[in-house]
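Read from first to last, the chains carry the letters A, B and C; within each, the first residue is number 1.
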Amino acid sequence: MNPRLKIKMCGSNVKVFYAQKEILHGIHLDIPENRVTALIGPSGCGKSTFLRCLNRMNDTIEGARVTGQILLDEEDIYDPSVDVVELRSRVGMVFQKPNPFPKSIYENVAYGPRIHGLAKSRVDLDEIIEQSLLKAGLFHEVKDRLHDAGTSLSGGQQQRLCIARAIAVRPEVILMDEPCSALDPIATARIEELIDDLRRNYTITIVTHSMQQAARVSQFTAMFHMGNLVEVGTTKTIFTSPGEQRTQDYITGRFG
Amino acid sequence: MRKGDVCHTTPMRRDIGLRQRYRAEMRFRAYGITAISIGMFFLGVLLWSVFSKGYSAFWQTSLTLNIRFDAAIIDPKNIRDHDSQVLFTANYPLLVRNALAEKLGVPSDDHLALHEVSHMFSSSVRVQLRDLVLGHPQLIGGIQKVTFLASADIDSAFKKQINLAGSETRRKISNRQIEWMHRLSADGSLHRAFNTGLFTLTASNRPETSGLGVALVGSLYMMLIVLVLSLPIGVAAAVYLEEYTHKNRFTDLVEVNINNLASVPSIVFGLLGLAVFVNFFGLPRSTSIVGGLVLTLMTLPTIIIATRSALRAVPPSIRSAALGIGASKTQTVFHHVLPLAVPGIMTGTIIGLAHALGETAPLLLIGMVAFVANYPITPMDPATALPVQIYMWANEAERAFVERTSGAIIVLLVFLILMNIASIVLRRRFERRW
Amino acid sequence: MLTQHTVRSFDRELDYLAKKIAEMGDHACSIVERSVKAIVQDDYRLADELIAEDVILDKAEREIDEKAILVIARRQPMAVDLREIIGTIRISSDLERVGDMGKNIAKRAAVIAGTRQPSSFYSSLEAFVALALRQLNEVLDAYAKHSLDRINAVRERDGTIDAMYTSLFRELLTYMVKDSHNITACTHLLFCTKNIERIGDHATNIAETAHYVITGSYPLLERPKGDHTYEVGMRKEVS
């Protein structure tokens, strides 16, 4: 990996247990700043589990236990002194299924800034919302109907609304868990374009089942299999000449 | 597609048991229709028997007569200016009897006939005329048109609920009275009017003057107490159990107990209420407050279970979304999950309330089965409840109480239907799609 | 060796491409071999036949291109599969060029029909073409069997071809110097030898492509260069 890149998040020996069963077997993975890191691997390989460790969403699952160390800017996010709510305001998340709140578009985006007290006035809040929607590439489509229900949008628009909602909190890292798996190719293309734009200001980690998508949007790719990190490297290397046989087999469609 | 790409010959038809499958389906449909028909039939029978007996309770036979407020009868000694007591004790029914006898042409010396005349109207005229005279003393000596209730027997006869064809000695109403009834009915003095008394009157041992007033107020107080207590307690308990606790042996125990509580016979709640609220806390018996507390205990499990399932029905993606942008647990629950569960909670609450409204057994045990003639002013006053009133009327012997019992059942059913409709409307109105 | 793809028709498509390459290789070899035979045996009829036969290779190349593009569009291949398909396209174009070389030799054979050179030249020419074709066959076979050692060996041996080419170049120059009437025929033969030397280069190209397909990286750039003809006549030669 290029030594000039700043490492934004760094997992070392990350193990996850669900009710005594070890799901992740000691993952060491660096996530470089202002780059898109794709996590790939077959279903049940632990890539989503690892992603959810990065903003401690696993805390919400009963019986889940995480050991090892995950650093965000040199600070262990599992340290007892770290507040999980503050962590999640710095590490945002976009989910597989678009999940806007059943409220207006405006309220969807406004919710985050409001609970974190990011806006000092109504004008300030309006500005944050406009900027977030602009960055998510949604503003021009919805500016005349900000008070319509978020759920009235199309699937792709809903997912961009969820991205806008995540951006509105001004996170440093955005985690995306298969953000396009429920979308059509055009909507997928728009999200991919968006991810590329967002990379300039955010560090992005994306879990995807689409190898082509990983190849298109990411600069680094990490291949997971059976709870292990098989290989990590530049996307260019992984998709043209991977070092590991298992990676090769997976990306060329020779698994199982 | 080029010609020849598609094969046009149809393959051999295979026997894949279609006929049996369709027959099985038809059979199952027939079972379903039969089951529904049986259910509908019994519901129809029930409703028909209740309505056919009860609809007449909403109408009451009344008499309208010009009554001369004869000072010689009301105040023969003319001492009312310094002794108002005389107006309280005056023989008001005599005024009505005289007016009716005069109307029917009964001579004032035929004591037997006069006795029968005085059984034509309800003895409630005493109170009615007394209140009239006390309110307007200037009426004394004048003539005033007054509408008053016919006696229960005349009411039953006029509604044709008594068989008038049989022997005179075997019924409570004489041939002469029947003849008078027809004469009065022909000139319009005897008529039917809407029975407001059913809703406003209180307990009485005369059917025509007894009503649901106390029961309605008692039920209203109890519903308010149940709502105010069980909704917040139930929702808080459900939210805590569903969103905050981790699953362990203790929560399992709580869960099992709540489910058991929901299936405990209501009479046990009555005993519990008697022991705890009346005997231990010393609250007065027969009061709405005790009834309300007992019904609260009964309704709590229903509301907790309904709220929990409503919370569980909120998609986890909403929780993830809120947590993912840094909302705390409590913010997630109160900003997102609970508002989405409100329709379910409201439905559960209304169904719980409807259940409580129809509950009788525990109320019997805490002494709400009482003869209460005065309206309860506060929940601390003795009262009855709708179903208890039905129970009490059902035990009365007189014919006129039968229709009142059914009438009260209709009132109760209407309330229950209204509550259920409200729950459906609320659910439709607030149900959100996601 | 790689396991099968989950989608087995993908395997069949890749196998088809490999088979097509092998066929093209055989055909290209046969054209070159027979064109040299036309020169050696002075058979202009055979030469004419060969000129017409070149179309088959052009067609085969086009077919491989179309098939490869279809596979890319349909399967979005990654890593080794992607490299293999791109390699197939390149190798087929190399083989088509080899076919062109053979056709060119056949054309020249027709032109110089009736002229003869000393028989020692013809045996040298036959040995030369045999060496070049062995290289080509070897690299195609090694590629089919994904044998990296044999592929590298082919690259190493390119120097021998260059050396033989230099010696034939000198020999033809000598004939031209001896007899100026021979210049036309010898110039044509010079181009024929050049063509055969180019076949060796194509074999080397194929070896490099094969190396990339198998390993994902190109071999190091330095390789033995035996072609010293550009030095002939430039300076005093050391015999």
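Quick note on the criterion: a residue touches a chain if its C-beta (ideal position, glycine included) is under 8 Å from a C-beta of that chain, and two chains touch if they have at least 3 such contacts.
Quick caveat: nothing in here was measured; it's all calculated off a predicted structure.
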| item | value |
| --- | --- |
| Chain separated most widely from subunit B, comparing mean CA positions | C |
| Interface ranked first by C-beta contact pairs | A-B |
| Where subunit A and subunit C are represented by their mean Cα positions, the distance between them in whole Å | 52 |
| Subunit B-subunit C separation of Cα centroids, rounded to whole Å | 103 |
| Between subunit B and subunit A, distance of the C-alpha-averaged centres to the nearest whole Å | 58 |
| Subunit A-touching residues of subunit B, taken from the complex the two chains share | 246-247, 315, 317-328, 331, 335-336, 340, 432-434 |
| Residue ranges of subunit A in contact with subunit C within the complex | 211-212, 215, 238-242, 247-249, 251-256 |
| Subunit C residues touching subunit A - in the complex, by the definition given at the top | 2-7, 10, 75-83, 215-217 |
| Partner subunit B, residues of subunit A touching it in the complex | 55, 57, 60, 62, 85-89, 92-95, 97, 99-102, 111-112, 115-116, 151, 162, 165-166, 168-169 |
